[in-house]
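Heads up, there are several structures right after this.
Next come two complexes, and both contain subunit A; in the first it sits with subunit B, in the second with subunit C.
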Partner chain A sequence: MKTLFSKSIQFGIIAGVILIFSELINLTSTFAVILEKLFNSAKTGKTASPLAIQILTGLVVFFIAYTFLRKKNGSKSHTAGQEIGSGLLMGITAGILISLLNVILGTYLAKGQDIRNYLDAVSPEVISTFLFQTDIANAVIRYFIATILGGLAASLLHLVSSKTNVSGKISKFIQKIVQQSKIRIFLNKYPYMTTILTLLVVIAVFLLPVLVNAYAISVLGIVFIYAIMGLGLNLIVGLSGQLVFGYVAFYALGAYTFGLLTAPKPFGIEMNFWPALIIAIFIAAIGGLFVGVPIMNLRGDYLAIVTLGFGEIIRILINSNLLADFTGGPQGIKNIGQPTQPALTAKIFGKPFDDNVWFLYLILILFLVVLYVVFRLQYSRTGRSWEAMREDETVAQACGVTVSSYKVLAVVIGAAIAGLAGAIYASRNTYTGPGEYAFMVSVNALAVVVIGGMGSIPGTLLGAFIIKGLPELLRDLENYRMLVFGALLIAMMIIRPEGIWPVKRRTLSVTPESIEVLKKDLKP
Partner chain B sequence: MTTKPAYVLEANNITISFGGLTAVNDVSLQVPFQSIISIIGPNGAGKTTFFNAISGFYSCDSGTVLFQDRPINGIPTDEVANLGISRTYQNIRLFTNMTVVENILIGQQPRLRSTFLDAILQTSRNRREEKQSIQKASNLLDFVGLSAYADDMAKNLPYGAQRRLEIARALGNNPHLLLLDEPCAGMNPQETAAMIELIKTLRSQLKIAIVLIEHDMKVVMNISDSILVLDHGEKIAQGTPEEIQSDQRVVEAYLGSGTENLVEKYSQRKAANRKAVQPHVF
Partner chain C sequence: MEADKPQEKTSPKPSVRRINWLRLIVGILTGSYILYRIIIQIIRPEYGPVYWLGFLNTGLIVGGMYSLIAIGYTLVYGVMLLINFAHGDIMMLGCFAGYFTFEYLNFLKVGDSNFLNTYPVLAIILAFLIGAAVSAGSGYYLEKIAYRPLRNSPVRLAPLISAVGASIFLETAAQIMFGANKKTYKNPDLLARGSGWNIQMDEGMIIITKTGVFSLIMAVILMVGLYFFVQKTKLGKSIRAVSQDKKTAQLMGINLDQVTSQTFIISGVLAGAAGVMWGIHNGLFNHYVGFLPGIKAFTAAVLGGIGNIPGAMAGGMILGIVESVGPAFLGIDFQLKDVIAFTILILVLILKPSGLLGKSSANVEKV
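Let's look at the complex of A and B:
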């Protein structure tokens, strides 16, 4: 009993602190506005209505209280009265905390003091929104109503669900659906259906550029460029198990090589798109060789630090005034060449595509080529050797894997793919500058690989959509976009630590032959 | 045409020391073709170190290792595997996040020729090799009796099966010599009997020479042609199982000198325990 009492207060305090924090950074009202928009599409403006804030406050308490009750019940069961009391206690505790904050803020407001000097987001308008445009006492009552209702609702729901075991039944039901889903059985029965489905998806993706608006096209372009990068980094980190941090260096090498070869300044070579692209890939691969050989004998964190240094060296070099005659220095390279559309497309479709649509198609095609290459590599002797190295380097070598050359090979191929991504990126923007090759690019590429699932090809594509696409979908959240994005990433990694789409092993075995074959086979 | 060497492996006067500690001191061993040789000795006798020396994990401070009359001192382990020596490990070391078949495919690495370019371009060599190696892996799995697990993750296999898988992986590169580090450790009597059977078949059917480290004397005495006994890094005896069993130095190494008094000491201690006031203290 005593533990239930103190634990309830503890969780009430947690709920209260979350509420206070959200209010201080003005997150609550942003969410409240989104909540309103969900139910009332006519809603305009950015001021949250009192009801929405109240509901949101109640929901926070509700979720915390429900989580607490569900976890608590695992060890021992409580009577209905105890549970309701616990919910009530949590509601009151959270209510006291949030009210305290509002009383303080309200007093400041009444005195006419501006506290934006200390808390940036808390302007007088925000405070009056949180006070529901009434006086302090009224607001406090409303907050208490919200939190107590939240706590009570949680305890009631938990009582009902534990008595009738509704949640258990629901989760079993869901499990059943997932396990025995008709689709999966169907697919197992007709393997070619998988191929058809894949084809449909590919066709849908290829129709995308003509269907969506210009903004979506630019987002999709970035997503697929990151997907290409992710596929390359996946070879290095996911398969061969080398934690390379300075991946952006190869990206920059590709972009700058391409830029210098096609731009009118500083060299005025103005080469065609395709030969320049191939040279860019080649130069990036050579960069990979230069990095790969010295790091061949490093492992784990040492490797990460060394490659991190390499990434910074490249960034500082392209930024330096010393090399400004060759790289454009801080100003970067302007007027980078773009590919011309073949006359064929104009003939088939009547008129040429818009430039951005055409470029998205180009990115898609190059993405598919890279996809094919990495797919072939992963399911070959080479890919298996990389994976064996990742699992146990010493044993892999004792099994006959020439570890050092395979390591370098992974870095070189990964670098070449990054070079390709960089060249496309530079060409797409017709500009490249040192500001674009910050450390964050490496981190994002790594996040693409980790979120999707190490070593998983479809996972990488999914990861690219999440890392580069999701923030765009979260635009409604305005300033809190990255905060929510970060929270989502954390949640995803907790729920699925192996990544969203972990690697599925292939079934390879075939029917064995007689021992005589083996004897002949193994004859030394 | 060169004459066939007399021994598949010859280790001559091997010495290995770590800092001041001499782990293996002047040990020699000849392994004839198709023989089974056991290395025994108390814990810390230098058995695994000696093993690591002949499989290329450590380089010897002095002495030579000849594999079919070819010196293999100090060459990297992947080349050792290439020549036809494979090994298993005391604490099982599989590629845990790969399937059973994939593990054996890695074992075949030295026998495969296709490169990454073959893989990207899907050349006929790549397809042929892929098909052949998967067939061979399945055959090997059948041989060690693990066909049922073929597409499971290696980490999900039961303990005994993991030991067998390690052997199957080691067979992938068509070895002339197989080094087994405690193949029966932690097994129950049935599993041990099955393992003995497997090791015997390896020799009789596949004509492979085997060197093994083992603590289980039943296994050692059952299958060995010859036994090498190490103690404190030195070779104290070598001979047939019968000779080793009656060797006084071996008995001393295992039980300590003055063993004749052991029974007496044991009964004295038991009596003392009985007299003790608190029966739970020991």
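Let's look at the complex of A and C:
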């Protein structure tokens, strides 16, 4: 009893802190605006309506309270009164905290002091939005209503669902559907259908560039470039189990090599697209060798930091005066060459593609090539050695896998693929500069791999769409993107470390039938 | 603080011979290049002794801060075998906390003047206490939220990825909340930046700033305090026990969860103090302040031998000095001083992966 209430106050404080945090970074009202736009397309402007903020506030409390109640009830059940009391307590605690913040902010607003010097996101307009354009007392009452309703709703829902066991039934129902889904049975029955489906998807993807508009083409281009990068990083992180933080280093190496070879300045080589691409890949691979060899006998954490350091070295070097004659320093390299369309396409399709459409096709083709290479590698002897190494280096070594050289091999191939992605990126933008190779690129690539599922090839593509495609759709949330990535990386590791589309593990198991078969075989 | 368990020592790997060649070649090349630069500096000195002393001064001050942060890495690594990637951001939070304390005390009126300049010593102590408390608290909750659920994770990389996530989260949150523009620490007049003692020498003078002296003394006091804390107190003993052997330590009645939490609190206190020092000494800072010191402090921890507390202290000092002396010594641009730190990291990992004071290389070569 006592522990229940003290625990509810604790969770109420958690909810309150989350509310305060999201108010201070102005997340609540931004999110409220997005929600309103979703339900009401006529909605314009950037000010959230009071109702939406109240609903969001209530929802936060609701989720926290419901999680708490569900977790607690596993050990022993409480009476209905206790549950409702606990929900009420959580609502009140959260309400006190969020009201306190709004009272403080409201006082500053009333005094006419601008606190944006200290809290950047909290402008006077934001404060008045959070005060619902009314006075402080009114706003406090509304916040209390929202939080208490949220807490009560959680306890009521939990009461109902625990008495009738609705949630258990629903989850069982979903499991049943997933297990008995017709598609899976169908696919198991006719294995060649998988191939046909894959082909259909590929054809659909190849039709895309012609069908969508210019904006979508540019988004798709960046998504597929990240997918290529993700495939390379997936090889290192997912397959061989080494962690690379400074993946951007290889990307930058590829981009700059390509840029220097094809741009009119500073060298004036102006090489053709394909040889320059191959040289860029080669240089990136050498970079991988340079990083891989020192750490080949060390544990994976060191690789993470060494590559991070290497990434910073590359970034500082391309930005420095020392190499400014080669790399253009902060100005970067302009007028990087683009591939020319072969005359054949114009002959087949009647007229040549637009430049951006053609480039998207090029990216798609290169993506497929990389996909094929990675796929073949994964199911080759090399791939199996990597997987063995990932599971246990000592055992892998005992089984005859030369761990150190396979480690270097993984980094080198991953680096080469990153170099390819970088070269395409530079060519697509016809420009490359040091500003594009910040640490955040490495983080994005890592997020692509981790969210999609480490070691899973389709997962990487999915991850690229989520990381690079979704933010384009949710432009309003642009500022919060990295925040969400950070939280997502932690949450994924705790809740679902295998990723959204996990790799299917091949298992060998001994079933009764196989024992029978074995017995038959062993009979003299 | 090595986790060397005899049964885990590996037999010589087939590639050991090749690695030795690599080590030899890299060692000879590095050594001869340094020798060449020494000879050059003796024959044709570009900088007089005054400059060298000036560089040494800068290096010692920065080195003290690196040491404090590096200790945090080493402690956490010893207990959890995890590189706490968000450690630099914990330092950043301490830096912000100190900034807000000074700003608040600056507004607080006491008589004619404000609190900050009426009671400067008290204000500085308050800033350090609050900075350390904020960092310790965030370290404590960081461990609880992001690392503890992953202690027995089947995915080996999970804690490290989670640490990266935490780092990004903290950095972005600070950026959105406090703004991306650089802020200036408001020091009390007692510790005004730039003021100090000028020491006249033949060719010029060295300026020894008050903030620098203060930071160095503070760092040394904290380090000595920590050393005795770890050596003498019960908690220190349990931290050392856990980092030697987790299972045996648990059998001896040490609460692993508790020790881990307390380790994070201690490393947070040191990082917070380093953050406040950074702000007082350098003045300008923003949400990005913890990133580079964090990585460099990790380099320092590796340099001294990760898991080894005196090693981290020595590593930080050495790294600070090398970094500030290096560009002049090697005759390169001062822009490239960050490159020196990372090159040292790579060189250490090639030449002596166990670090300067690390005893055995078993713990770094093992998974």
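Just so we're on the same page, the second predicted complex is superposed on the first by the 468 of 524 C-alpha atoms of A that agree within 3 Å, B and C clash if a C-alpha of one lies under 4 Å from a C-alpha of the other, contacts with A are read in each partner's own complex, and residues count from 1 in each chain.
Keep in mind that, in the parts below, contacts are C-beta pairs under 8 Å (C-beta built on N, C-alpha and C of every residue); 3 or more make two chains touch, one makes a residue touch a chain.
The model shown is predicted, which means the values in this text are computed figures rather than measured ones.
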Exercise for review: Identify the partner contact of A:L156: answer first if only subunit B is touched, second if only subunit C is, both if each is, neither if none is.
Suggested key: neither
**Study point:** Dominant toucher of subunit A (residue count), subunit B or subunit C
**Key:** C
Review point. With the two structures laid over each other on chain A, which partner does A:L489 touch: subunit B (first), subunit C (second), both, or neither?
Key: second
Review point. For A:V450, is the partner it touches subunit B (first), subunit C (second), both, or none of the two (neither)?
Key: second
Exercise for review: Based on the superposed arrangement, let me know which partner A:L322 touches: subunit B (first), subunit C (second), both, or neither?
Suggested key: second
Check your understanding: Between subunit B (first) and subunit C (second), which, if any, makes contact with A:C399: first, second, both or neither?
Key -> first
Check your understanding: Does subunit B (first) or subunit C (second) touch A:L371, or do both, or does neither?
Key -> neither
Practice item. Tell me which partner A:I413 touches in the superposition: subunit B (first), subunit C (second), both or neither. Key: first
Practice item. Considering only touches as defined above, state whether A:L474 meets subunit B (first), subunit C (second), both or neither. Key: neither
Point to revise | subunit B/subunit C common contact set on subunit A | key: 392, 394, 397, 402-403
Revision key, fill the gap. In the complex, the residues of subunit A that touch subunit B are 373, 376-377, 380-385, 387-388, 391-392, 394-403, 409, 413, 505-513, 515, 517-519, 521-524
Check your understanding: What residues on subunit B touch subunit A, complex-wise?
Key -> 55-57, 76-78, 80-82, 84, 86-87, 89, 93, 95-102, 105-107, 109-110, 112, 114-116, 118-120, 122, 126, 129-130, 133-143, 147, 150-151, 153, 169, 171-176, 205-208
**Study point:** subunit A contact footprint on subunit C (complex, rising order)
**Key:** 10, 13-16, 19, 22, 82-83, 100, 103, 145-146, 149-150, 153-162, 164-173, 176-181, 291-292, 295, 298-299, 302, 332-333, 335-336, 338-339, 341-343, 345-346, 349-350, 353, 364-367
Point to revise | In the complex with subunit C, residue positions of subunit A that touch it | key: 21, 24-26, 116, 118-121, 237, 241, 243, 245, 291, 293-302, 304-306, 308-310, 312-313, 316-317, 319-322, 390, 392-394, 397, 402-405, 439, 443, 446, 450, 454, 479-480, 482-483, 485-490, 493-494, 497-498
